[in-house]
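So, here come the structures, one by one.
Next come two complexes, and both contain chain A; in the first it sits with chain B, in the second with chain C.
Let's look at the complex of A and B:
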């Protein structure tokens, strides 16, 4: 049985290393484009993750190796009896200080990234000046409110605000900020491809900024178990050129103030038939 | 610590206890409460007719004459696997179904050539990968290579599968609005079986257009638990809508049939008729019912389905849609003021329900109202909708527009009213300009200081 345990404890570090090595090939790693984040901040966050992964991997593999060695020695050496000791002061100090130093290093090392992501003072100025939309999480959808073209987003709804649901368009080439709210329970604004995640809390308006490094359509999901329809709470964030974004807003304005007469852009579900019929 | 036997039992019981909360949703089309209140001899033919014409969730049926995209697909028999003596199914290799929906089990298959021409079989098994189907062996059919057939209801089945995945847990298997999660929702999910939808672009008496329902599925209904399903493709949304309308037509057909029978053959009425006061004998009633079923019921059924079908068809005609005669009156303070006066006037009586300030607290919310269906007073004060739910008039200051926030949406709410609710249609009494003034006033309320 003794050797069996040696193998058992040997198996886990080997399995961990193998699965980590295989992860990119079998699609177990980070989402989006060969595990590369779709935002520069996301790439830095991934860097942090890899650093922590490497540190923990070394510690895990190291401690397992020592454990397997000790077991193996114990199994093969029937003559030497184990002795009971009351601890080793020096050893205690070593295995407290080393992890402490590692944690302190990580804490200091990640501060810049954390600040850029979360501390308002470090937000990109262009994003803070002009939040593009208010995002309201609601069981079980995402509702968006844009300011009218040429105007700034106000905390309270304005008569000419533009509204949509489950489809957030943002311009490419500059950092953008949204004001996040929740209508009912806790939700979480999660853009896996951009590595952006922020809880939405009822009664609070929380600014979130992000900048995609590629145009495209990204999933927006809820990362807080918010009720039975939680899994359905999916939307798209569409990152497009400034020109396309402006066209989108124009189109949205036309649709929103549509009075049932005349032509409007024909990409909205039922206005197509209405527009053509006049 | 020793892990005692009693704890082991507790541990084993735990999964069992947690399972008790998992109820299976209803997996059959249900019949309405009124149908079940008929005497069995009257309820039976109604139920049979519905099963014959609409099938059940596992075996949908194509019923000609409904404005539904059933989705027929043509196929040809390639080879027939030799059936063994005991086997009850005939397995066929077919072609032509590759582009059809990949789940065809339970659908009707009509033979269009060969010995079984005109016969209908049910697909008992379908393997999309190998292109084999299995149908029940009967004396009437004898498929041979080269025989052709139609698989019916593929589109309906596609809609049904999507509906069951996305809608059923609130709206219920037959669209009766009592899915497993419905009890937690307020307002409750819509019962589709009356065929009435609140937010439409059509005239007051018309049903909803397909596009209206598609819009509701895509945009959701703000302020309710109906979420947006914008990430579904247009094709999926259209398939769901097609199925929902079909469910509505089923429910409406049932209602029309039952309404015909209810006043004479409900359990309550029959009990009255056979009581001492009524003086009729049960056999007489049975005889009368039998005669009705033989002579009039087929006509009633045909009339019920065709009138339901016609109504849905008409709603999708171009002239059913409400189009304002004039463009929106510019949203000026003067227009809003005219709207405000109209709002408070006796001509519209908006304030009676929505309150003088538009807070949804008009005097009508304090009255006991009469249920138009039963002619009895509701037990609680305030307005009710046709589904029997208490319905507070909208607080117009909240800026939540359930039927859409475009000016045309608000215009249509006023022009046609909100179907199934006490919100009346003002399309006749008010001119286009007056309606637009009201729209301007109402849409300004969320931003006013009052």
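Let's look at the complex of A and C:
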């Protein structure tokens, strides 16, 4: 029966490895097309993820295999007594130093990615100079405030600012920055496709930069518990070409400042068809 | 009649005139008892009761994720007749908040420190009882106000709904959510009470271990279990006051209008608090300064117990006894400086994140050392596959998964993606269910004879293990994939979002596994209650183990030992030549059979089998 137990414990790591190996094929991997991040930084983060995955997979397979083998030997041990051994200094040094070196390498290796991601000194200058929008999280929606075309985003709302709810348009191909804030409780700005996540803290304005590298409509969700409606903070980030983005802003301006007189420059249906025509 | 061991070290055996004195009536013996063993049993039954509650809450959470907005079977129509048996989103937030709260504060921490700490510390170090028996009793009775407070919070507007982390502003201002009202105040009071309970326990454990060790029991002869509990007690004593202070600040924010945790200029539910000037980040620092060490509070005692159990079941000395102690101490001390890894996305200074990241990476090292040492303990051993061993291997193989997934979390850029997704949920369930609870199940089978004098049923135990192991892996392993696909935690209905729509079948599979796991626990309860009364009598040392508790009767009388035992060497001396036995009790001198071990009267009747075996060898 002892051997049966060994097989029982062997089954699980095998099942784990098999299911992980087939994960990308059956769509259990990162979300969206080809499981590839929609930002260059995201691709670097994925690279780091796969590096850690390889290291941990080797350790996982190794330790589980040794564990099962040790059990297998232990069951079949025909000796009268087990080995009387209290430890082995050399062995312990080896298995402390090797993981230590690997962990230190992983720690140092990722510093660059983190610095580029978050340390303000390393933010792309273009993005910092001209934040494209202020994102305000509220129970349970996302509000966006763009500056008027040709103007810069001011900390305080301006009379000619543009507003939308639950739909953020950004251009791809250049780094952009948003100012993230919250009006009520804590929320978290989570863009799975771009591997971006940042908590929105009431009382703070947190700059977040990202650079999308392909067009698409991506889900924007809230990752920090913010009350009973947490799950339905549903918004989209629409990544489009620079031209489409500028057109969108123009349309938005027309819609928002339409005084109700004269030609309907931008009623909702028209604006969309106009945008596509252009 | 007590004949004692010779004392070559010049230590005189200490006769204990007070031993075996019977405690008074039923109430002082079984209810307001100051005997550490009875208190341990009280803790055991209370925590097992809470395990049922916590498990039921978990199943309700899983029901909603597998069959969103469908009427809950059996209890649904009865609980929410108004909503047609559906779980409302408000109730759902309460469910996972209370599941975490109950499991952490009322099951895992008290079952480790309360049950096994109480039972084993005096027995394993050769003491009659705890240093402060009355304080010990009080530490158990402080659990009840906590349970009452948590219970009360259910009754106010659906219960607390801010998650077990109780992040402000959600938890700080009553208008933030339906569950942020009085329920949240009761929740905070409950945490404070359970904090008092833990604090009293940890002071008691530290004092007992430092002052009341039997002659010859040096620090480096303590069994690993005691080391685990000792380091845990130190962690508790240093970290817990911070949480208590934070909780108190949150209560004053809520009730007295202070504003430690919320800034000015908020508009919540169309109402604006008139004051402000606080900082929600402050709470996160205070909270995680306790709650990260708490992870080790929930793990270190199990690491200790598994070390002792594995060594016994493989009939081998523990591989690397001192490195194991040092790695435990390293885990504990690093545990104090890594709390920031819960806050990589929180908005604190990102440069600080780097420091926390390096420290967190380094904490993987002692954990790896421990894993290798356990494996090396099995290597070359004579493995006996009983329920205890199975649960220990279950612990080990799930701890490896949980430990390795921790490395992803330590890596800041990767953690940014995984933070608050199901990947995290997978990680801590592998550690807290996979590792801790399997360790606890093993320990329960191992030390059950010391609690009740009888062995647990092997067949039931093995079936329970197999079903639980299958259920646990089936429930928790797919969570890694949910996390990879970006499914956030605490969503009542993730399928609302386009990129998560396809996850429903996977969640249904997990729920079925969870139900299997839940039902398997019935076997555990049957086993406990059946074996308490009808299990085979165990004798003093049914596992042929070496540590001091196995020299006492099963269950030990009030005062534990006939004479204060004298310790001659470290624990886990297996695989030695000692007559026809392969182990050496801590009270025996090396390479010589003990001179005399006269059994007492009870021993002769109760414990015929194993004692005869021991005596024939001596």
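Descriptive notes on the structure:
Definition applied: the second predicted complex is superposed on the first by the 251 of 278 C-alpha atoms of A that agree within 3 Å, B and C clash if a C-alpha of one lies under 4 Å from a C-alpha of the other, contacts with A are read in each partner's own complex, and residues count from 1 in each chain.
The criterion applied here is as follows: a contact is a pair of C-beta atoms (placed from the backbone, for glycine too) under 8 Å apart; a residue touches a chain by one contact, two chains touch by 3 or more.
Bear in mind the structure is a predicted one, so any value in this text is a computation, not a measurement.
With both structures placed on the common chain, the touch criterion links A:255 to chain B but leaves chain C unconnected. Contacts of A:21 after superposition: neither chain B nor chain C is touched.
In the superposition on chain A, A:165 contacts chain B only, with no contact to chain C. Contacts of A:92 after superposition on the shared chain: chain C is touched, whereas chain B is not. The larger set of touched chain A residues comes from C, when the choice is between chain B and chain C. Of the two partner chains placed by superposition, only chain C is touched by A:111; chain B is not.
Of the two partner chains, chain C is the only one touched by A:9; chain B is not. In the superposition on chain A, A:228 makes contact with both chain B and chain C. Counting contacts by the rule stated earlier, residues 139, 228-229, 232, 234 of chain A appear in both its interface with chain B and its interface with chain C.
Remark: chain B residues 166, 169, 181, 201, 209, 211-212, 214-215, 218-220, 222, 225, 227-228, 230-231, 234, 237, 318, 321-324, 327-328, 399, 405-408, 411-412, 443-444, 446-447 touch chain A in the complex. Contact residues of chain A toward chain B in the complex are 138-141, 143, 157-159, 163, 165-167, 228-229, 232-236, 255-262, 269-270, 273-274, 277-278. Those residues of chain C that touch chain A in the complex are listed here as 88-90, 92-93, 161-163, 167-170, 176-179, 262-269, 276, 278-281, 314-323, 345-347, 350-351, 353-354, 357-358, 361-362, 364-365, 368-369, 371-373, 375-376, 378-383, 385, 390, 393, 396-397, 400-401, 404-405, 407-408, 410-414, 416-417, 419-421, 466, 469, 473, 477, 481, 484-486, 488-494, 496-499, 502, 506, 574-577, 582.
Chain A makes touch with chain C in their complex at residues 1-2, 5, 8-9, 12-13, 15-16, 19, 23, 27-32, 44-45, 48-49, 52, 55-56, 59-60, 63-64, 66-67, 70-71, 73-75, 77, 79-88, 91-92, 95-96, 99-100, 103-104, 106-107, 110-111, 113-114, 117-119, 139, 183-186, 188, 190, 192-193, 195-204, 206, 218-219, 221-232, 234.
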